[in-house]
Each structure stands twice: as structure tokens, then as C-alpha cells.
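After this come two complexes, each holding chain A, first together with chain B and then together with chain C.
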Partner chain A sequence: MIPEIGQLLMITALAAALLQFLIGLKLFTVDQSLRMILIKRFTLIQCLSIFLAICCLGYSFLNDDFSVLYIALNSNTNLPVPYKIAAIWGAHEGSLLLWMFLLSFWGVTLAFSKKFNDQDKMLKIYSLSILGLVSLSFILFIIYTSNPFERIFPMPDQGRGLNPLLQDPALAIHPPILYAGYVGLAIPFALALASLLTPHSSSWAGIARIWTINSWLFLTGGIALGSWWAYYELGWGGWWFWDPVENASLMPWLVATALVHSLIVTEKKGLFNSFSTLLAIIAFSLSLLGTFLVRSGVLISVHSFASDPERGLFILMLIGLFTGGALMLFALKQKRSAPLKLELLSRESLLLLNNVFLCSAAGLVMIGTLYPLVLELVNSEKISVGPPYFNFVILFPCIPLLIFVGLAMFSAWNGKGSKLLLRSSRVALLSILIGLVVSLLILSYDTPLTTIGLILAVWTIITGCLPLIRSRTSSLVKNLPMALAHIGLGIMVLGITVTSSYGITFDDTLGFGQSKTVGEYEFKLITINDRTGPNYTAKVAMVEIYSENQKIGTVFPEKRVYDTTSPSMTEAGIEANLFRDLFVALGEDLGGDIWSMHLQYKPLLRLIWLGPFIMILGGLVRLFLLKPLSETANS
Partner chain B sequence: MLPRHRRFLGICLVLLTVGLASFFILKSFQDNLLYYLTPSEVIAGKAPEDREFRIGGLVVTGSFFRQTGSLTSQFVLTDGSASIEVSYKGILPDLFREGQGIIARGKFNSANLFIASEVLAKHDENYMPPEIHAMETSLE
Partner chain C sequence: MKRLLPIAIFLGLFILLARSLFVPQMDLPSPLIGKQIPSFSLNELGKSSTVTHQDLLGDIALINIWATWCVGCEIEHDFLVELSLDQDLDIPIIGINWKDRDDLATRWLIQKGNPYSKILSDPIGNTAIDFGVYGAPETFLIDDQGIIHYKHIGPMDRQNFEQDILPRIVALRK
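On to the complex of A and B.
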């Protein structure tokens, strides 16, 4: 019964989305205020229906209703309750439902936003209508190809259980956060298109910026969380693998970052309007591409995609429809602006330059991600593009990017270049000095790249602090978001540089009572015991870690076997503080009480996640502290 | 300097940067492409020399060998018609089994033994490297 109600709610949402779309078109002659009321109502109805549909699915999960195919495949009676809830988005169908809910939720926040002036009524109506079209297509997609409420007969006695990899707190909240970021980019997309249809409205940039920052926050958090999860759960102790699924989230992040900056110029100076519009279109298209890559099965094999093409083809068509349609609209309706006259090193040009670097970074990632797929499709040749490609080419946009990020802090709107170089030279020299001292004297010299990375990290952090040091207390809060975001970036660069240059990682054998040296640390295997968890059995090793003969900690790496699936899972043992991570993963029993182990020492690894955390703080300050400030300033 | 000259110089500079960057990127792309071959293709001499590539095949049942307490293991990969002996020093993935499809990345040493620097197996029931998936479906 409950699943059927869920089904009905999906159809209600479909109808609401259709009406939401149609009302925005000039098909009916209704007056504007009535239109506004109706479109807001339908946006709300759509969102509520999908929310209730998720509740229906959750209810069936909690009651172990295995007559629903999706639940039979992704849950069983032994699954702990929190993971039964997380299992709602544990696989394809449910995660699309969540995707859809978040899309409609962002739509509601836009519909009831007070950011729109009276002149911008049409901007709001058009953007909600466009969002209605996006919702419409995705609800259709869910109902036709990925219905989570589908029943099976006969009903199995027990479900297959949730993938053990996903039974982890960080991964349980990772998809909702990442999806919120992905679909949040639909809002600037809709606003950008609506602005093309309402030539007299100029305030789209300011409104779009709020939602772009919003989804940028979620993307940043989601990516960082995913990286952290991969680090401790996949058992190899890496924090970024250049896996297509990771790349799929990195590309929209890079373009969303560019969009946030471009919208600043559009909002404050009225420049780069077309560029911002284009970036908004690209950002959302990349979100859709990410969904396609992750959800179509195309990554498993181009050919498996061809043999079960329904889902992938549907998303591919949607990408074509939205990207193609949006670009067409852009070509037809874009506002012709006066030819740009930019000072070479003014703030505007530096922002533009950095946006170009961010976009080229996204482009390079995209080439590496899609090229193997295209090649396999064209001539069946199988290749893969390894991490060395990404690690190398990403430097080309990123090094100049970091240089200009710092330089931009000295620049002024429409400012002259000569003053800029003069003003920045002292800080630049200081950064180079600190970088050299640290890399040559404090740490041991590694490669030129390490030194460059250290200099750039110091440069980014110092220049990030400047707006706080120089500004009067009144404008301190105003400068805080930018400062925090840039300091966070610098800290992340510092972490990446030091970890990749000075980290030690290797596989080795350890017998009971034996120890191995990793850098300045000693890892000693004491013993290995059996343990029984709620739905798994495990081998647990006890490894003591010594530094200069002082015991600094004990870790318990595990090898788990879950009841439902035969393969074992590695749970790493990690002893961490802000300055270094010591990591042990249990390998195999090699016989004779000797085990293989994966050991590593990673200095400053935590900074790679601390950096994004500080960036997120910056964004939160912008959204929640600055808003009331600017409103009181206006009144 | 006339504005015209300045613009010309600017364009040249941009073209030079873009050209240089694309050169390095393309080169890196070429260097880091990993070819995927089956044991038959390797026997037929398609393997690149002096650089790593990937071989995919099933681990022959009974071929797995490791000395007690040693990190180095040896096994034979086959695609049904040809087979290749592989040596790997390190931890094998959780899902490594005899009779299972795996991918080994590495190159041949002078004794014609394939020295793997990485071994990939199925991630879990649902996700696996594309080549393994293709291989298993073709052999079923």
C-alpha cells in the first residue's frame, strides 16, 4: 500500500512540475501576480510530494518490505537502523529520488526568496518555469527508467543487504551533501536563462551568486568528505585517485568556483555578463554530465552501456536538451555589450584570467576522463589515463592560478598595473624567502616543484590574510569570506605539497612482535585477534607505534567479512594529529604468523581537509553573517 | 611602441604560451596512456617496450604460489588461448581469487617474467574495472 502511495506522489509531483513549467510560458493570459502565486504554489506542491515519496520509501525500508525490489536489493533485516535510512540513497533509483528532492527544494528556496525586486518578477517566474522543466524531465526519468517503488513477486524472505563499503557514517551523509551541490547549480542555470528572456532585468547576478555560493559550499563539503572517506575506508591511504567518479564532482566545482568570481564582477561592475551566463550554463551541464557518468554504467564499460542503454541514453538526451537549448538561447538572446576595455592588471582582468585558468583545469580533467570512453567507443581500443597525467597537467593552470589569486588581493577595480606590482613585491619576496627557508633548511630539499608549491602556499595564505590586516574593523566582516576562502586554499596547497613530497608509503611483512621503521616512526605488530561485530566478523591487529622509543599510540586495523557478501573489507588503523597521519592497513595472512601490511607516514595530510573546511567557513560567513549586515545597511 | 605593435606582441605571447602548454599536455597525455592488452595480444608481440601496460586475464586455478612469509607472489594469467606468468610484490586486493579476472599493470623483465607494479580486481559485486567486466562476460 505505502509504495503505491509513493508512486502516486511521484505522479502528483510530475503534474505539479508540468504546471510549474507551463505557467511560466506565455500560453495563458493571466495577470502577473496570479501567475506568481500559482507558480510558487506548484513549486511547493512538487517539493512536498517528492519529500513525502521519500518518506514512503523510508517507511518501507524501516519495515523491511522486501516486496519492493529496490529494498530487497539494498537492505536486509540485520542492517542497523541508521543505515536503513542511508540505504534510501544507497543505489541508483533512490539516489535519483534524493537528487530530485534536492532540486525541488532549491526551487522552493528560490520561489520564496525575498531577494527579488518588483522589476524582477518576470525573472523569478521564468527561472521557476525553467526549473519546472528540469524537474519534469527528471521525474519522468525516475518513473520510466528508475522507479524505486517497483514491486517484485514472489517476495523474498530476506534482502541482499547494503554494500558494506557504504556502511560508514561519512559515506551515509556524503551523497546528500554532494547532490545538494550538484543540483544547486540548477538555480544559477535557471536564473541565467531567465535573464536572457528578461532583457531589462540586471539583478540576476546578485541573486545567482547567493545560490552559487550555496551549492559551491555543498560541493566543497561533499568532495572533501568523499576524499576523507576514500582515505580511511578504501584501505590504500590515498586521498585522491583521479577516479572518473571523483573527476565528475571536481569539474563542476572548478566551474562553480569560476562562476562565483565572475558573478562578483557582473554584480558589482556590470561586466562579463555573457561570460557569467555561459559559466552558469556550463556548470549545470557538468553537473548533469557527472550524473550521467556515475549513473549510466558507462564507466563500467562503454559496451555495457550500449547493451542496457535506457538510463544512460535518457540522461544523455537531457544533457543534449538542456545544454544545447541553453546555448541556443544564449546565442540568440545574449545582450550585446560595449567592447571591453580592461586595464591589464586591474581586478577585473585578474578575475577573468583566473576564471580562464579554472575552466582550463576543468577542461583538462574532462579530456582525461572522457578520452578513454570515446576511444573505446570509436575503435574498441582500450586505454586508461592514469593519475600521472592528471597530476602533471593540472599544474599548468594551477601554478599561474595561485600566483594571480595572490596578486588579485593587491588589485583595485579598474586599477593600473604598475602600482600593483610595486605593492605586491614585498609580500612576494617574503613568500619566496619563507618558502625557500622552509624547503631548504627546515625540511630537506625535495624537488623544484616542492619548493614552488611551498612558496605558492605561503603566498596564498599571506595574501589571503591581507584584507583582514589592512581593513578597518567596519569592513572586517565584509572581507572575511574572501579571506577565509583564500587562506583555506593556501592551507590545502600546503597540505598537498608536503604530503605528496615527504610522505612515505609502502607494503611490507610483519611477524608477531616484529617492527618496521617508517620515517622517524616504528610500527610494531603485537598480535592479531578475532572479533565479531553486529553484522560482520573481523580479524583485528594490534599495532603499537613508537617515536624515538616512546610509545605514541596503538592502532587496530581490521579485516572484516560481512555476512551477506563474501569479499573482505579493509578498515585502516590511523593515528593522526594535525601535523602527521600514521596509517596501517592489514593485508593478508602470509602463513607462519606473518602478515602483509600497508604502512604510511603522511605529514600535514589533515590540512588537505582543513583547507576546504576553512573555505566552507568563508562561504557560511558570506551567506549568514553578511546578509543581515547588508540588509541593515540598506534600511 | 604603437598600440598596433603592442597588440601584435600580446597575441604572439598568448599563442606561444598556449602552444607550449598544449605541447606539454599532449606529450604528457601520450606518455601516460596505459594500453590494455590480453595475454594473446602480448604473445603476438603487441606489447610496448620500455613502458608499462596493463594485462587482463583470469588467474589460472592452482597457479598461485607464494613462499610462507614472503610479500612476493606469482601466478599465471590467461585469456583462454594464451597465458602469461606474473610476479607481484605487495598486498593483493581483497577480491583477488584464483579463477577470478584481474588486471596487472607493469612490464616484462629480462627473464620474460611480467613484473606487476599494481594488481586490480573487482571492487565489489557491482563495480569492477571495465576490462574485467568485458572479459568475464565474454568468457561466460
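On to the complex of A and C.
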């Protein structure tokens, strides 16, 4: 019964989305305020229906209703309750439902937002109408190709269980966060299109910026969380694999970052309007592309989600509709702007330049991800592109990007280049000095690239701090978001540089009581025991770590075998502080109490996640602390 | 004209994606067919010895690219075991364990049986790139000179083996 109610709720949502879309069109002659009231109502109804549908699915999960195909495939009676809830979005159908809910939720926040002036009513109506169309298509997609409420007969006694990879706290919350970021980009997309349809409205940039920062926050958090999860759960001890699915989240992030910066210029100076519009379209299209790549199975990835060409075709049609339609509208309606005259090193040009670098980075990632498809088209050869390509090419946009990120902190709107170079030269020299001292004297010299990385990290962090040092207390909070975001970036670059240059990895075999030295640390395998968890059995090793004959910690890496699926899962043992990670993953039992082990020492690895965390803080300050300030300033 | 540039680029991409969606169903010949297998030097799974392309010469053999994370390989595995037990056919199957972990691979073979006469481990995937591998499983038929004669994409089963691969083996042995 409950799944049928869920089904009905989906149809209600479909109807609401259809009406939401139609009302925005000028098909009916309705009074504008009535139109506004109706469109807000339907947005709300759509969101509530989807929310209740998710509740129905959740209810069936908690009651182990295996007559529902999706639940039979992704849950069983032994699954702990929190994971039964996480299993709602554990596979394709449910994750689309979540995707859809978040989309409609962002729609509601836009519908009831007070950011719109009286002149912007049409902007709001049009953007909600466009969101209605997006919702409409995705609800159709769910109902036709990916219905989570589908029944099976006969009903199995037991479900297959959730993919053990997903039975982890970080991964349980990773998809909702990442999805919130992905779909959040639908809002700037809708606003950008609406602004093309309402030529007299100029305030779209400011409004779009709020929601772009919003989804940027979620994207940053989601990507960082995913990387952290891969680090301790996959047992390879790496933190980024250039997997197509990772790339699919990185591309929208890069473009969203560019969009945030471009919107600043559009909002404050009225420049780059076309560029911002285009970026908003691209950012959302990349979210769709990510969905396509993950769900259609055209690219093979370790994530290996269930894929289905029919679904791929449907998503591709949606990409054609939204991206194609949006670009068409852009080509037809974009206002002709006066030719730009920019000072070479003014803030405007530096922001533009950096956006170009960010977009090229996204482009290079895209080329690497799609290259196998291109090559196949050209000479019908199928290949895969690996991390060596990405690690190499990504440097080309990123090195100048970091140089200009720092330079931009000295720049002024419409400022002159000569002053800028003068002001920045001292800090630049200081950064080079610190970078050289650290890389040559404190650490041992590695490669020129390491030294460049260190210099750029120092440069980004120092220039990030400048607005805080120089500004008066009144403008301190105002400068805080930018400062935090840039300091976070610098810290992340520092972490990446040091970890990849000075990290040590060993794969070795150890018997009980034997030890292995990795860098300055000694890993000693004490013993290995059995342990039984709620729905798995595990081998748990006890490994003691010594530094200069002082014991500094004990870790317990595990290998888990879940009852329902064959591959075993690794839970790494990690002894970490801010300055270094010591990582042990348990390998295979080689007999005679001898085990293969993966050991590694990674200095400053934590900074790779601390950096994004600080960036997120910056975004949060912008959204929650600055809002009241700017409102009081206006009144 | 400039405004149409984004949409032109998009159209190109769109066609690419649309085509790629239908490609797996099409039977595309690999450009490597008729050529020598790429040169490589890989570790044998679970051992410290290395195997190079030279070591594969001298026999008509199948090279099977597989991984434990790949669903298609799981489907195919029973058939590979069956094939390896076929005394009349007697064809060595060389496995290349692709972008995988040795411990997972070893466990998989213990659990499901080992059809391979040699297993090479390619954890980073560089050799697979040289083979033009797009996704696991893929199977190559090579002759005793190391020339590639056929490439099968996706899981092999009795039907497609007898239809596409067996006649070629027979022809090569003549």
C-alpha cells in the first residue's frame, strides 16, 4: 500500500511541476500577482510531494518490504537502521529521487526568497517556470526509467543487502551533500535564462551569486568528503584517483568557482554579463553531463554503478533539451554589450583571467574524461586515460591561476597595473624566499615543481591574509569570506605539494612480531584477531607504531567480509595528526601468520581536507554573517 | 557568429556522446588487429617474477583483461574456467588483472577457480592502455608470433566463443 502512495505522490509532483512550468509561460492572461501566488504554491506542492514520496520509500525500507524491487536489491533485515535510511539513496533509483527532492527544495528556497525587488517579479516567475520544466523532465525520467516503487513478484524472503562500500558514515552522507551541490546549480541556470527573457532586469547576478555560493559550498564539502572516504575506505591510501565519477564532480566545481567570481563583477560593475550567463549554463550542463557519465555506462569506472543505455539516452535527451535550448536562447537573446576596455592588471581583468584558467582546467579534465570517446570516434580505438595525464596537464592552468589569485588581492577595480606590481613585489619576494628556505633547508630538495608548489602555497596564504591585516575592523567581516576561501586554497596546495613530494609508501609482508621501517617510523605487527560486526566478520590487526623507539600509537586496520556479497572491504588503520598521516591497510593472509600490508607515511596530508574546510567556512560566513550586514547597510 | 560558437561546440559534444551511447553494440574492429601485441613488463600476480611480451610468444593464446570490481568479469568467469578445463581445445588463457588489487584478485581466484595459465598484474593500467582496453572484460586472441587476430569486448560465453573465436583458433592451427 505505502509504495503505491509513493507512486501517487510522484504523479502529484509531476502534475505540480507541469503547472509550475505552464503558469510561467504567457499562455494565460493572468494577473501578475496571482501568477506569482500560484507558481509559489505549485513549487511548494511539488517539493512536499517528493519529500513525502521519499518518506514512503524510507518507511518501506525500515519495514523490510522486499516486495519493492529497489528495497530487495539494496537492503536486508540485518542492515543497521541508519544504513537502511542511507540505502534510500544507495542506488540509482533512490538517488535520483533524492536528486529530485533537492532540486525542488532549492526551487522552494528561490520561490520564497526575499532577495527579489518589485521590478524583478518576472525574473522570479520565469526562473521558477524554468525550474518547473527541469523538474518535470526529471520526474518523467524517474517514472519511466527508474521507478523506485516498482514491485516484484514473487516477493523474496530476504534482500540482497546494501553495497558494503556504502556502509560507512562518510559515504552515507556524501551523496546527499554532493547532489545538493549539483542540483543547486540549476538555480543560477534558471536565473540566467530568466534574465535573458527579462532584458530590463539587472539584479539576477546578485541573486544568482547567493545560490551559486550555496551549491559551491555543498560541492566543496561533497568532494572533500568523497576524497576522505576513498582515502580510508578503499585501502589504496590515495586521496584522488581521477576516476570519471570524481571528474564529473570536479568539473562543475571548477566552473561554479569561476561563476562565483564572474558574478561578483557582473553584480558590482555590470560587466561580463554574457560570460556569467554562459558560465551558469555550462555549470548546470556539467552537472547533467556528470549524471550522464555516471548513469549511462559509456565510461568505465571503479564506481561501476549499474548502468543502462536507455537511461543514458534519456539523460542525453535532457542535456540536449536544456543545454541546447539554453545556448540557443543565449545566442538569440543576449544583449549586445559595448566592446570592453579593461586595464591590463585591474581587478576586473585579473578575475576574468582567472576564470579563463578555471574553465581551461575544467576543459582539460573534460578532455581527459571524454578522450576515450573522441579517440573511438576518430579511429575506433578504445583507450583509457589515466592519472599521469591529469596530474601533468592540470598544472598548466593551475600554476598561473595561483599566481594571479595572489596578484588579484592587490588589485583595485579599474586599477592600474604599475601600482599593482609595485605593491605586490614585496610579498612576492617574501613568498619566494620562504618557499626556497623551506624547500631547500628545512625539507630536503625534491624537484623544481615541489619548490614552485611551496612558493605558490605560501604566496596564496599570505595574500589571502592581506585583506584581514590591512582592513579596518568594520570591513573585517566583509573581507573574511574571500580571505578564508583563498587561505583554504593555499593550505590545500601546500598539503598536495608536500604529500605528493615527500610521502613514502611500502607494500610488504609482515609476520607477527615483525616490524618495518617507513621513513622515521617503525610499524610493528603485533597480532591479528577475528571480530564479528552486526552484518560482517572481520580480521582485525593490531599494529604498533614507533618513532625513535618511542611508541606513538596503536592502529587496528580491518578487513571485513560482509555476509551478503563476496568482495572484502578494507578499513584502514590511521594514526594521524595535523602534520602527518601514518596509514596501515591489511592485505592478504599469506599463511603462517604472515600478512601482506600496505604502509604509508604522508606528511601534511590532513591539509588537503583542512583547506576545503576553511573554504567552506568562508562560504558560510558569506551566506550567514554577511547577509544581516548588507541588509542593515541598505536600510 | 560569435554567439553561435558555444552552441556549435555543444553540438559536437552532443553528437559524440550520442554516438558513444550506441558504440558498445557495434562491432568495431580494433586497430591492433593484425599487429604485434604491445610490449610490456609486468609482475606476475602474487609473485615477484616479471613477465614480458616476449614470454607470451610460442603459443596460440587468449589474453583476458579482467578485474574484481567488474561485473562483466564475474559473469564471464565460469565460462573461462570451463574453457580452461577443455582438454581437446587446450588453449592457454593469460589474464591481465587490470586496475585492481592483488589481494582482492587472489581471493577472487581462490573462491571462483583460476582459469589462467599466467596472471599479470597491471595495477595502474598502463599496459591496458597500450592494448587499447576500454573496459573490462576484453579478450584478445593472439597467435604464436604474438600477432593479435581478434578482440572480443564484453563477457564471453559459449555462444559468442563458438561463433567468433573458435573458428579463428581452428584456422590458426591449420
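Definition applied: the second predicted complex is superposed on the first by the 619 of 635 C-alpha atoms of A that agree within 3 Å, B and C clash if a C-alpha of one lies under 4 Å from a C-alpha of the other, contacts with A are read in each partner's own complex, and residues count from 1 in each chain.
Criterion: a residue touches a chain if its C-beta (ideal position, glycine included) is under 8 Å from a C-beta of that chain, and two chains touch if they have at least 3 such contacts.
In this text the structure is predicted, and so the values were computed from the model without any measurement.
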Chain B and chain C placed together on chain A: clash or fit? clash
* After lining up the shared chain so the two structures overlap, which partner does A:Met328 touch, if you call chain B first and chain C second: first, second, both or neither? -> second
Query raised in the report: If you stack the two complexes on chain A, which partner ends up touching A:Glu4: first (chain B), second (chain C), both, or neither?
Result: neither
Based on the superposed arrangement, let me know which partner A:Met569 touches: chain B (first), chain C (second), both, or neither? first
Kindly classify A:Leu313 by the partners it touches after superposition: chain B alone (first), chain C alone (second), both, or neither?
second
Margin query: If we overlay the two complexes on their shared chain A, which of chain B and chain C does A:Glu520 touch? Say first, second, both or neither.
Written below: neither
Ask   = Now for A:Ile594: first (chain B), second (chain C), both, or neither, which partner does it touch?
value = first
Open item on the list: Applying the document's definition of touch, where does A:Gly386 land relative to chain B and chain C: first, second, both, or neither?
Closed with: both
* Tell me which partner A:Phe396 touches in the superposition: chain B (first), chain C (second), both or neither. => first
Overlap of chain B and chain C contacts on chain A, residues 235, 300, 302, 304, 376, 381-386, 567-568, 587-588, 596
Within the complex, chain A is touched by chain B residues 21, 24-25, 28-29, 31-36, 54, 66, 68-71, 89-92, 94-95, 122, 124-128, 130-131, 133-134, 137
The residues of chain A that touch chain C in their complex are 235-236, 278, 281, 285, 289, 292, 296, 298, 300, 302, 304, 309, 312-313, 316, 319-320, 323-324, 327-328, 330-331, 334, 370, 372-374, 376-377, 379-387, 566-568, 587-588, 596
The answer for chain A against chain B in the complex is residues 163-165, 235, 299-304, 364, 367-368, 371, 376, 381-386, 388-389, 392-393, 396, 507-509, 511, 565, 567-570, 585, 587-588, 590-592, 594, 596-598
Note: in the complex, chain C contacts chain A through residues 3-4, 6-7, 10-11, 13-14, 16-25, 28-32, 68-71, 99, 101-104, 106-108, 111, 124-126, 128-129, 132-136, 153
